[in-house]
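Labels run A, B, C, D and E following the written order; every chain starts at residue 1.
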Amino acid sequence: MAYDKTLGELLREQGITRRGFLKFCATTASMMALSPSMVPKIAAALENAKRPSVIWLSFQECTGCTESLTRSHSPTIEKLIFDVISLDHHHTLMAASGYGVDEALHDAMKENYGKYLLLVDGSIPVGNPAYSTISGVSNLDQLTEAAKGAAAIVSIGTCAAFGGIPHANPNPTGAVAVSDIIKDKPIINVSGCPPIPVVITGVLAQFLTFGKLPEMDELGRPKAFFGQNIHDRCYRRPFYERGQFAETFDDEGAKKGWCLFKLGCKGPVTYNACATMKWNEGTSWPVESGHGCLGCSEPNFWDMGGFYNSLSTPTIDIAKTAAAGLAAGAAVGVAAGALNRRKKNKAAREHETVTINDLEKGAKS
Amino acid sequence: MTSVEFLQWVRGPGLAIASIIFVFGMTLKVLEIFMLGRKKNLAELRSSGVKEGFRTIITRFGAVDRFTTRRTMFTHITGWVFHVGLFVAIFLLTPHIELFKSFLGFGWPALPTAIVDFVTVITLITLLIILFHRITNPVLRYLSVGEDYVVWVLTFLPMLTGYMAYHHLFFPYTWLLGIHILSVCILMALFPFTKLTHAVTLFFSRWYNGYMGGQKGVKQ
Amino acid sequence: MSEATLERGIKALKEQIDAPVASFFSSCVHCGMCAEACLFYTETGNPKYTPISKVEPMRRLWEQEFTLIGRIKKLLGLSKKITDEELSEWQELVYNSCSMCGRCTMVCPVGNDITYMIRKFREGMSAAGHAPEGLIGATTRAIQIGSPMGVKFPALKAQAGHVEKEVGFEIPFDKVGAEYMLLMSSMEIMNYPEYLGAVARIFHQAGKSWTISSEAFEATNSGIQIGTSDLARELVNRIVEAAEKLKVKTVISPECGHAYTAIRWEGPNLVGHPFSFRVRHILEVLDEFRKDGLLRTEGFEEDKMTFHDPCQLVRRGGVIEQPRNLLNMVAKNFVEMDDHGKMNWCCGAGGGVSANEDAHELKLTAFKRKKAQLDELHVDTLVTACANCRIQLEEGLEVNDMDIPVVGLTEMLAEHLVETDSKQG
Amino acid sequence: MLEHMATDSNACGEGDIFTGNVAPILNEIRHALQRLLDEDQTTTIDLRGIPMGPGEEQHLESLLGTGEVTATIDAMGLSTVIETSLAGVWLVVHRNDNDDILGKFIEITRNPTILESQTEDMHSALERLPGILADYS
Amino acid sequence: MTGTANDSEFRKQLDDLSLAQQRAVGARFVHSVKDLTDDARIDVAIKVAQDSEANNDEIHSAFKSARSAVLDCYTRCGADADWATQASYFVARAASDVVMPEKEISNNNPAWQAAMHSRMARTCAVIDTDTTEEQQETEQQHRILDHFLND
């Protein structure tokens, strides 16, 4: 594991021409949503970026994020990145198995203590550690231990970033996000279920090239990719303005590509790059394929009141609560009403007839 | 608490609590009114008065006599503009219709969102004018108590935050939508304990007014 | 001897709170429109005369005693108790500056019947000893002597004697089985005796049997004006007993505003049972005669005239068309004031205001609203059908030196009666 | 070459749904070209960052048309560089080994940097030349 | 002297008089009950009514002051009736009848009105005692008319 060589040297060793390197920088900049004018700066930064060690820990996850990353549509980038970054530990991808895996993990951590990048996907069960342990070590312990030596942690996917689906109500395993456990390390949340492949590699590339944390929003997500509201960037927004909505998935409106607000689209409350970067090599993205956005890059997106209930549908049954209110109101109302009547009738019963002598204060002669 | 958790709270438990208090309060109000009862009129009546009562419910929306109307033209116009604006914003905006559809089971056609947006601006401006009038007009200053201004704020906030939410003004949409729904929850919770009850009780009052007049043969 | 106390007032007021009152107080949005319909505000410009604020203490009683939220606020010490000082301060608002004309009730956008509440609030005010001096005197005289102005039967007998000489036939007193029983208001007996002459001649021409009861000839009911149902009940009972003793079919309320409300609309509810006889205002009876062709008049008044609608009779009483039908029989140039009929403007003296000495100044200021209406119209004669209105109009016109005579409608009709078959001497 | 790119326009949404972003881009190109002529300043527009409805990108490219120069670069996957019908306006498309588009740029320049021979490559060429000479002689 | 036996005869005679004559004889009726009031405006009205050359303005101003006299002493609604002051109210009304401007006179002639109001004044004054006084006043009025017609 030669860690001293710079990226530039490594590329040349693999016969990558300067032109190839320029192409790599241009596409990386584009991937990081940086302006093309940044390419020279990226080229310089990449040139002498050190080759970091990367440890990937998987906890309660469905391997969707890994799937997304490995099929990211810039395999050259992926190949390169994997060549460039020394991915020292990844359960699914690494050939080794059994104890060899543990040793590789500990060696990598020991050797690059304080410098390696810790990538995590999947949420961590704190309810009962037994839910997810790897070779006898609970996810919780493994994470805390791995985090000690990490330069920075990247939570890949909504599970690692916010707890994701395991965290959804009723959250049997007590799944929590990485940021709920590790408080002392810089954490980049690359949420999404899964995140857009390009977003994963983009964040890695950005951290790799600039070596520091990208600008993040209040949920710790890189603004480069999560700064824009899906609704604001959606090409169907004009239909929302005009009030033209698809009522069902195959009606006239849907065929005409009208807004999917009424079909449960969570675009307005979701921040991600789907509307611009799109999925499957820029082919399309959920709304463009006729399905509302699920809001998968947001915390608790699974409990946002149903994927097919529009944003304005409350997550509770108002009819039921109203009925409860009515019943209580009726009960208390009848009681209060009866009290009022009693008070009024009592006043009537005790009525002291007013005579002409009772019209003035002070006893009249 | 993050913006999403806040939004989920107001869309869920927040709205639940508010709707319970609202229905509870209004039921209590209606029962507290009607259980007090009313004596039967033993006089020889010119008519039962029931029909005149309903007629007054309608006629009292409009102006009654020229003199008073000329002196209160301001209140008439701003009152109408603001109430119509409120109605349009609440009942003719697609997201709101979806909300009603979720618990009523049926919906109705909406106005284009841009038109509702324009109406909302007019309503907000009218509300500000109404507040200025309440502060400056001698009668209104004499009459107004704290509750009048609280109710003004309760009505103004949902409209303002709704407008801001629609335009993603200054804050992310998640926060704004949450604040908008919260302001509606507060409005609903305080509704039955302020003069806002007039939205329901004015129909009883107008009916009684027309009923009592009608019995004596005075149609209004 | 018992006396008026705050507690008795509060208890009397509690009896008065009912569903309409609760609904009204739940609907008021403090929009201030009732002020613009109240001549005591429009002519003085003083916001304290805003009608709905005149029942504020009653509102607080309703809130504190008859609503859950009010009771809770009271427990927490957040509510303001009703005190004697406040009620004495409110006396001017509830009595001097409210003629119970009912215009605010017609205008309130949420439909609050503020007059209905003033009437109820006066029950509490009077029981708490906060009724004005003038009204207490009048009511005492009404109960003890039978008329708020102390008119005894001999005085009426004498006036009737005089009228008999003038009209040439007998004023029938205590005639059992007569069809109509005429009531008179003390104002008419004292200040406008011509009214009795007019009625006598009309009935004479119509050939209808009528009588006046010596035991209950007084129509006015200061019990209603002061707002004490117990006293009002006693006054109405006298009329009912007399009417039943004389077995009359119809009791006629004279040219007086509140008398009609007192007998026809509040009477049965006060005594607790429907009457066995009809109650009609004199104008209603005359209009019935007109329809039956029993009121034959001749000749027309040439000069331009208008009609002042007495509020209690027209807006609060429902006698709207009759005055017009009758006027058009004898007037060629009858024009309506801008706001007339059920939306007329009050003369400023009704509902006991005129019986209240310290309200004199305010009453004349309030008249300016009527002056404005008349200035617009430039009429030669002003006709009305209520003795109290008439005095107030005459006084108001005189103070503003406007040269318009005020005529009672019944008298004017009598002057135009066809003289054919009425026997002379 | 261009048809190949056209195939990747997505299948759904049969008409051209306009986000209205084509016009602004053309305007930006016009200003950039003006700047190139006035101040000899090059501009690159990254099409990935601009949301366009299905079909709009193809529309833009058809508007730009093709000019005289078409070049392909085989470096870490195929990249194509064509000068559009507007001189000075070049369309650069980078692809990876299995032909997925990595990035699409419009460069307003006299000639795109990617086409120029790079100094390091020339140095390594210089090192290899003696070998070639040796083989030849 | 031949007292005109009944009022209808009395009334017809008054109707036959001219307006000026009616004012003059009416003034005498008022004069006969003047003792019931001490309001100076009544004397002014009597004087103007008897002065046949009085022009309309004088009559009008006398009428206005008589009217204000009427309003000053009517019994306010609800006030305790004092029949003495009430008598002066009717004298004032009689005075205002005799100086009423032409246009305001309805079909009853002013003299007859003044007579009636004067009798009412007398009735009020004695309301609590006997009622013969009013009869004497009637005969007094008939005598006044006879004097007026004959001399």
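We adopt the following convention: a contact is a pair of C-beta atoms (placed from the backbone, for glycine too) under 8 Å apart; a residue touches a chain by one contact, two chains touch by 3 or more.
In this text, all values refer to a predicted model and were calculated from it rather than measured experimentally.
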| item | value |
| --- | --- |
| Intersection of the contact lists for subunit B and subunit D | A |
| Path length in steps (a step moves to a chain that is touched) from subunit C to subunit D | 2 |
| Set of chains adjacent to subunit A and to subunit D | none |
| Between C-E and A-C, the pair with more C-beta contacts | C-E |
| Core chain by centroid distance, with centroids computed from Cα atoms only | B |
| Reference subunit B; chain at largest CA-centroid distance | E |
| Remotest chain, subunit D as reference, centres from CA atoms | E |
| Computed distance of Cα centres, subunit E from subunit B, in Å | 67 |
| Centre-to-centre distance between subunit B and subunit A (centres being mean Cα positions), rounded to whole Å | 39 |
| Intercentroid distance (Cα basis), subunit E paired with subunit D, Å | 120 |
| Where subunit A and subunit E are represented by their mean Cα positions, the distance between them in whole Å | 105 |
| Touching two or more other chains - residues of subunit D | none |
| Two or more partner chains touched - positions in subunit B | 28, 32, 34-37 |
| Which chain pairs touch, all of them | A-B, A-C, A-D, B-C, C-E |
| Complex interface listing, subunit A residues touching subunit C | 332, 336, 340, 343-344, 347-348, 350-365 |
| Subunit C - residues contacting subunit B, complex | 17-24, 26-33, 35-37, 41-42, 45, 47-48, 50, 52-53, 66-69, 105-113, 116, 264-269, 272-275, 278-279, 315-320, 338-339, 342-343 |
| Subunit A residues within the subunit B interface of the complex | 218-219, 229, 231-232, 240-243, 245, 261-262, 268-269, 271, 298-300, 303-305, 309-319, 321-322, 324-326, 328-330, 332-334, 336-338, 340-341, 344 |
| Contact footprint of subunit A on subunit D as seen in their complex | 8, 10, 12-13, 15, 17, 19, 44-46, 48-54, 73, 75-77, 79, 94, 96-98, 100-103, 105, 113-114, 118-121, 124 |
| Residues of subunit C defined as touching subunit A within the complex | 1-5, 8, 11-12, 14-15, 17-18, 65-68, 126-127, 129, 131, 136, 139-140, 143-144, 226, 228, 230-231 |
